[in-house]
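Take a look at this one; I'll ask things after.
A, B, C, D and E are the chain letters, set down in written order, and residue numbers restart from 1 in every chain.
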Amino acid sequence: STPLCSKLNTEWVTLNVGGKYFTTSRSTLMTKEPMSMLARMFAEGDNGFIMTPSNVDRNGAYLIDRSPTYFEPILNYLRNGQLIFDNNVNPEGILEEARFFGIESLVPQLESLIQSSQRSRDNVPLT
Amino acid sequence: STPLCSKLNTEWVTLNVGGKYFTTSRSTLMTKEPMSMLARMFAEGDNGFIMTPSNVDRNGAYLIDRSPTYFEPILNYLRNGQLIFDNNVNPEGILEEARFFGIESLVPQLESLIQSSQRSRDNVPLT
Amino acid sequence: STPLCSKLNTEWVTLNVGGKYFTTSRSTLMTKEPMSMLARMFAEGDNGFIMTPSNVDRNGAYLIDRSPTYFEPILNYLRNGQLIFDNNVNPEGILEEARFFGIESLVPQLESLIQSSQRSRDNVPLT
Amino acid sequence: STPLCSKLNTEWVTLNVGGKYFTTSRSTLMTKEPMSMLARMFAEGDNGFIMTPSNVDRNGAYLIDRSPTYFEPILNYLRNGQLIFDNNVNPEGILEEARFFGIESLVPQLESLIQSSQRSRDNVPLT
Amino acid sequence: STPLCSKLNTEWVTLNVGGKYFTTSRSTLMTKEPMSMLARMFAEGDNGFIMTPSNVDRNGAYLIDRSPTYFEPILNYLRNGQLIFDNNVNPEGILEEARFFGIESLVPQLESLIQSSQRSRDNVPLT
């Protein structure tokens, strides 16, 4: 059980994304895509974190001015390396966030997914 | 990382839209459509903000008596310039809010979207 | 900007409908259908409000023992005069609440909507 | 307005069902199916309530270790006597809760509903 | 009513899964699959719980860095032994969580469910 414990003992952060709270670990935000803007937001610079305390709300959550709905699958991707989302979620919204946060490995995956779903819609026979 | 920091250091506001909280920056509300009613609600007048403290709830959030469900895609549009919403969301609800908040650039986009979806529904062959 | 200000300065109320909070103004609850039960709940009687403080929760919200899911389109209707709801929402649930709260103008609209959707389902050819 | 007042003055209870809060009245929980397990949980025994204070969370809500998603239509049924749920909700989840809470009048209604939806799915012609 | 009481008197735990709260009992987490990672997280070791207080948020909830959306059907399965989820929920997301938490009995069930839904999608005739 040591690996579990050590994983759980990492530093926890809470993000306030557009008004909704997400709790995760700094290692989740930084490990999968270390050069992404999201990772760099939580990297330690010479003078501590790049995100300064002025960007923290009264509950201690880091403020991010983006859509919570489309951030959720991005965060899950960083947790487990899989892009998974529910039927009713619009992949174009996820693509927009992947680009904003600089999660480069997700961008081509989402682009081809959007293209193929558009093609199958266009394929419907005319009545 | 300077542009990121300066962007994040803008003034944060929390809106209580019909009972649901949205956190964003004043610049998001004011930059994309500066003449909209929403932008003017957060513009500074001669005597400070136009929205006076009497319209703030006990958590310091600005009270707006509108639908939270349909405000969400409006706010995302102001954040990234894209109109994106999930399959199950009714675009007529978004149109209603775009009109109320005076987000003029969204109105024709939503109107043509609603018209084309009605046309495709009417096109279904009779049984 | 005077009409906006005066509108925003109306009295705010928070409703706890079945456990979910809705924030709105008393004028929204009372203007559209002044004779509805919902309007009368917030009308001032000879001895103040009809709803007495014993029906208020610890956050100061008025307690209403009904479905929050189906109350939402009702409240939006009172805000903007339009009946709009998402694809996955069951109109029979909204009808039940419209009847309970006495929003009479919504009842025939919902009834014909439910009937026509049942007719189109019955029209599907047998296999 | 007397019947409304007397109804609203009943005792309010808040339930924490699997982490989500539901606010309702004890009369809603006890009137429709007085012999159900749910009703008996809030019945007064010789020594006060059967649910003892140890089952109350720090907000004073009664703890119930069940699914909040599928409890919602059950509670609405107890409020207004109608089984109504949205398109995307799985009736098998509601049936499971109806059985757990002992809401006997809902069980056959849900069972026949599940059977007929399975039959219509099986009826799809083979390709 | 003794079995009900004794069941309700078990120890309650609140989990903060990715920012969303779930309330359940330790027995629910440990009974159905005692050897799962989830059960072992709440098992008592020689020196108390394996999950140490450093993994608890300011509300006393145990922090778990995973998707709340897909944890919900997992928790319901542990409560009642049934895998039930709504139409719009992606079973691949549930599978990912079942694997992470080590709920072995769910894995083959979800795998065959995903395979058969893919097969039926592939079976659609070409136009």
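Please note the rule applied: a contact is a pair of C-beta atoms (placed from the backbone, for glycine too) under 8 Å apart; a residue touches a chain by one contact, two chains touch by 3 or more.
As the structure is a prediction and not an experimental result, all values here were calculated from the model.
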Separation of chain E from chain A in steps, with touching chains one step apart: 1
Copies chain D and chain E touch via same or different residues, half shared test: different
Chain B and chain E: spacing of chain centres that average the CA atoms, whole Å: 36
Separation of mean Cα positions, chain C and chain B [Å, integer]: 22
Overlap residues in chain D, where contacts from two or more other chains coincide: 87-88
Chain order around the ring, beginning at chain C and proceeding next to chain D: C, D, E, A, B
Residue ranges of chain C touching chain B (in the complex, touch as defined): 1, 4-5, 8-9, 12, 14-15, 20-25, 28, 72, 75-76, 79-80, 82, 84-88, 123-125
Chain D residues touching chain E - in the complex, by the definition given at the top: 16, 18-19, 37, 40-41, 45, 50-52, 54-55, 57, 63, 65-67, 69-70, 87-90, 92-93, 96, 100, 127
